[in-house]
Amino acid sequence: MPVRKPNFEPPFNIVRASHVEFGVRDLARARAFYVDCLGLIPSDDDNEALYLRGVEERNHHSIVLRRSRVPEIRALGFKLASEEDLDRAATWFTRHNLPTSFPDVPFQGRTLRTADVFGMPLDFYYRMDQSESLLQKYAAYKGARIQRIDHINCFTPDVQASYDFYSELGFRLTEYTETDDRDPQLWAVWMHRKGNVHDLAFTNGNGPRLHHIGLWTASALDILHICDVMATSGYVTNMERGPGRHGISNAFFLYIRDPDSHRIELFTSDYLTVDPDLQPIRWSLRDPQRQTLWGQPAPKSWFEEGSAFAGVPLAEPALAAQPIVAR
Amino acid sequence: MPVRKPNFEPPFNIVRASHVEFGVRDLARARAFYVDCLGLIPSDDDNEALYLRGVEERNHHSIVLRRSRVPEIRALGFKLASEEDLDRAATWFTRHNLPTSFPDVPFQGRTLRTADVFGMPLDFYYRMDQSESLLQKYAAYKGARIQRIDHINCFTPDVQASYDFYSELGFRLTEYTETDDRDPQLWAVWMHRKGNVHDLAFTNGNGPRLHHIGLWTASALDILHICDVMATSGYVTNMERGPGRHGISNAFFLYIRDPDSHRIELFTSDYLTVDPDLQPIRWSLRDPQRQTLWGQPAPKSWFEEGSAFAGVPLAEPALAAQPIVAR
Amino acid sequence: MPVRKPNFEPPFNIVRASHVEFGVRDLARARAFYVDCLGLIPSDDDNEALYLRGVEERNHHSIVLRRSRVPEIRALGFKLASEEDLDRAATWFTRHNLPTSFPDVPFQGRTLRTADVFGMPLDFYYRMDQSESLLQKYAAYKGARIQRIDHINCFTPDVQASYDFYSELGFRLTEYTETDDRDPQLWAVWMHRKGNVHDLAFTNGNGPRLHHIGLWTASALDILHICDVMATSGYVTNMERGPGRHGISNAFFLYIRDPDSHRIELFTSDYLTVDPDLQPIRWSLRDPQRQTLWGQPAPKSWFEEGSAFAGVPLAEPALAAQPIVAR
Amino acid sequence: MPVRKPNFEPPFNIVRASHVEFGVRDLARARAFYVDCLGLIPSDDDNEALYLRGVEERNHHSIVLRRSRVPEIRALGFKLASEEDLDRAATWFTRHNLPTSFPDVPFQGRTLRTADVFGMPLDFYYRMDQSESLLQKYAAYKGARIQRIDHINCFTPDVQASYDFYSELGFRLTEYTETDDRDPQLWAVWMHRKGNVHDLAFTNGNGPRLHHIGLWTASALDILHICDVMATSGYVTNMERGPGRHGISNAFFLYIRDPDSHRIELFTSDYLTVDPDLQPIRWSLRDPQRQTLWGQPAPKSWFEEGSAFAGVPLAEPALAAQPIVAR
């Protein structure tokens, strides 16, 4: 793939990936997983939804668990730099014939609800209610001691098209996977706004679907500890992959599944990407160290399963290349 | 000092230092410190006493907090290898004209209560009620994630005499501090039974008094975390010294004071000492890296303050050498 | 202090603090410290200078050690987003009657050499030769396993003036210290461009002088390890303060002095600051947990000693408030 | 299985597992692996053999690499408490019609060479040349920062017979695996002398063969780091299993294979086992958390491959039960 030049002057200024809303079938069961086991902090709570944040976060929430008949994803939230950016975003999406609305969203200011070319739901806003940071209330650190949301990773039926779309919005490529064909095809991309490896990533697959969200911890030992906790408190089968070191991003990781099968990555220690002359790193789809530096392949479920977006139809990918899958 | 040959055939077989009983003035306040903050596991609890253990321990308790008018130490507990060893111990102490009795002690089998030549109270027993090990119940890990008791450290008015006494009982010297005089005087000794640096240590000072007990954690990061917790939950002034790396023992440590000023050391990563040909390590009292490998001196309180044993008179040490003290 | 609104539309786009040049009296001695002990990677080397980088860095260097008759600082380097920003910077400094020149600087593209209102030397550039990242060449990790430069911290005789100057250039305030006067005076500020706590900080004092540069490590354990290494390889007296947890920034830290007394901070685990509505955190100069969350005061040297900028005259600060200093 | 009472009065006093001798086909290649990659310390070196130790060890060596036409194991070394114990051992083995000789062995005192009932070679000795401990020479810490040898693990064709044999010699059972039959059969045993989970373990399989030796590190992070190093310096296929947490022993582990396919375990954080009333822990062969607390099964090679003892014939095990194997 010819790597595109980053768009340093995007139509509006996205600061970072900031929150997601999960539809879950049983709020009490989800709370047991996210709060009692993982240690996320409840910011608010009613019969219909539970709002969660990490110990560092001042934004009111980074995860919303909402009671739902079926497991699904309701929104992917991105913070903008200002209210002017919000208006510029609305103009841009309207001009591109994509749906726009301004629903009332609890705990946050004016919110633009729209979608990308595949129908993937996007919420843009610039102001959220602020909660107390618990970063220096260490007695509140529990479970995996999760600090903050780091990124959102999605399946797309056309990685090239998703890459083109989000590049235009100013997301910058840091790493990518392509096939080894004479005319290489993009298999996956990692793109950022906030200055580390990614805010948003796409992998080739039946989509659009959410693959996972990544949550940041301060230390690899926090990730080892939550493995020990999950393995000995009834969640051993919720551990899907890892822990391990990624080739891509160099981060230390663990993938887990919540009781509705939504996938969460615990993630730490990637690298700084703010330099304008940063060259994206290319990985071959056939490189076994791409997924896990130590060589272990990801399981089949990891390539096939994801969370549907509420009401969004799925498409099969055109690209049929085959990653390395654990038997 | 001429180092004594270890006594490989002691009069009875002491397995390890196993528990202490602290007199505390306010059980609720002590519980807040030991359970809510440090994360020790309550094994039993009544109006008069709280019994605690670390996550690894199967012995019913390693710390007893007993309601008391004044802060004081009631007992230092050592586990013996068998009931025969208990009888041999009684014989030995009787023969040495030291007091012996067999009080009923909750949660443990036949117990010999005696004292050393300075009146330091000693409880010997060979069987304690066994509790469930929580070593693989990781959801129970809280606070400093304390695994087990490691050692007992006391002030003595005569280190040479204490060293001689406990050597005869089979404690083996691993490290010691002496003055730089032409005729060097012992300032401190570290002695073990269980195979690491110490079960019992003595330092020159007004005594006998308990200097501290050491509690084992799995990682230095557990110790850094409890620093963060204590510093942000009302216990910042309970942190007396450290964290740091000891010269002696090479362990990573933190010294804290409980609400009754009893001193606790969190301690990890010393070394194996089972070899019969292990040569004790000599330290000069004037070596600044003896206390802390990184050079920081201990505060004055650390050299002067300790917990009295109930009803045991104190004596000033004959040796007046001066350690390096922080101003 | 009334906190200023961040300048989201600065006159030119500074990406981050990227490198410093230290004048050192003995290159071999400096190399032993920085390469053999700390483990920085030599990128280039001649009779006059040694160029160093962390394992993550693709920029050719983040530290230049240059042979010098006296210890001093030659340049503070900041990366800009583009060549257009470089020209805009030149225009801006010229318009503000500050000195500008475009010296040839090895290994980097066009470079604007200028100074702030106190004469503090600044190098702006937008392109540096790129070296291989060793982030995934783990066999190259040595010593403190330093990943990258994080920040630059300076003494200024007028924190308010320095804050005003760099605010106009788009640096955003994250934390600050002020006196408890009825009319509070700024004592120190932490300001960032790259999205964590700081690229540039100022403390009240005889200045301008460099206080320290901060180097990022992946784990607090890397910092504990370099303490152990320094303490046992002839550098124990080069350890000035810490290790510990900062109140400000929440980072885990160690301050060390190089053989020319230049101060280096090893630093890890602060937090994300990209949100436009992030509220700066205020600290009182009299808060003992400001410097070290665990309560230990910094030593006198830490408040008084720094590295002069070559040829730049010093001024005493107007503000005479007194921080908490270890005796 | 009815658990046997420990033999607290063994015929001679074995202190611990202390060293092994590996036959390797290419000394330079082995040195690159053990010294350059893993970071073991060379104690001595000639054309025929390389002697290695961990940073803590004062014994001259814990691993001997000896040039050999084929990969094989020459000796398993156990330290005794005294010379009298050596003579008692010779008497005991002679009385049991097992071979005894007293070969000259470099760097150690009088050595009894003998074998167990399956022909597994055993070297007993009580004194080895002492080397400088590098425990506080932190600049010498490289690679996995290995501290010391921890244990020896072997395949045996009859676990019950091996358990009986070594129980009589005073090894104490800490954990065991058995089948779920009405008449359960022993599948594996972990037995200790030095006070943690094991000095010697046996697993059912074609034997006798060495399964692996375990080397102790101070932290799980040291094990994660060596994964990163091996994966990026040409040793990725030498990583056989892990890293992970064992169910049995609760230790954090990584299994690797040297260039001659000898298996090494990096191992840390098990627990104290000195109590005479310690009850062994039973595991079912069908419990998936037995091998890895987090649920991952071991690969086929882990159950099938091992290192033959020089000149010792192999036997197939009578017990044909099937462990859980990764596909």
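Letters A, B, C and D name the chains as they come in the text, with residue numbers starting at 1 for each one.
The rule is simple: a residue touches a chain if its C-beta (ideal position, glycine included) is under 8 Å from a C-beta of that chain, and two chains touch if they have at least 3 such contacts.
Bear in mind the structure is a predicted one, so any value in this text is a computation, not a measurement.
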item: Identified repeat of the A-B interface (over half of residue pairs identical), from B-D, B-C or C-D; value: C-D
item: Most distant chain from subunit C by Cα centroid; value: D
item: Selected pair, greater C-beta contact count between A-D and C-D; value: A-D
item: Mean-CA-position distance for subunit C and subunit A (Å); value: 32
item: Between subunit D and subunit C, distance of the C-alpha-averaged centres to the nearest whole Å; value: 49
item: Chain centre separation (subunit A, subunit D; CA means) in Å; value: 44
item: Multi-partner residues of subunit A (each touching 2 or more other chains); value: 136, 219-221, 228, 231-232, 293
item: Touch-based graph of the chains, sorted into line, ring, star, complete or other; value: complete
item: Subunit C residues touching subunit A - in the complex, by the definition given at the top; value: 8, 15-16, 56, 58-59, 79, 81-82, 126-128, 130, 135-136, 147-148, 194-195, 218-220, 247, 250, 269, 271-272, 274-279, 293
item: Of subunit C, residues touching subunit B in the complex; value: 220-221, 224, 227-228, 230-232, 236-237, 239, 243, 245, 252, 289, 293-295, 327
item: Subunit B to subunit A touching residues, read off their complex; value: 37, 136-139, 141, 219, 221, 225, 228-229, 231-233
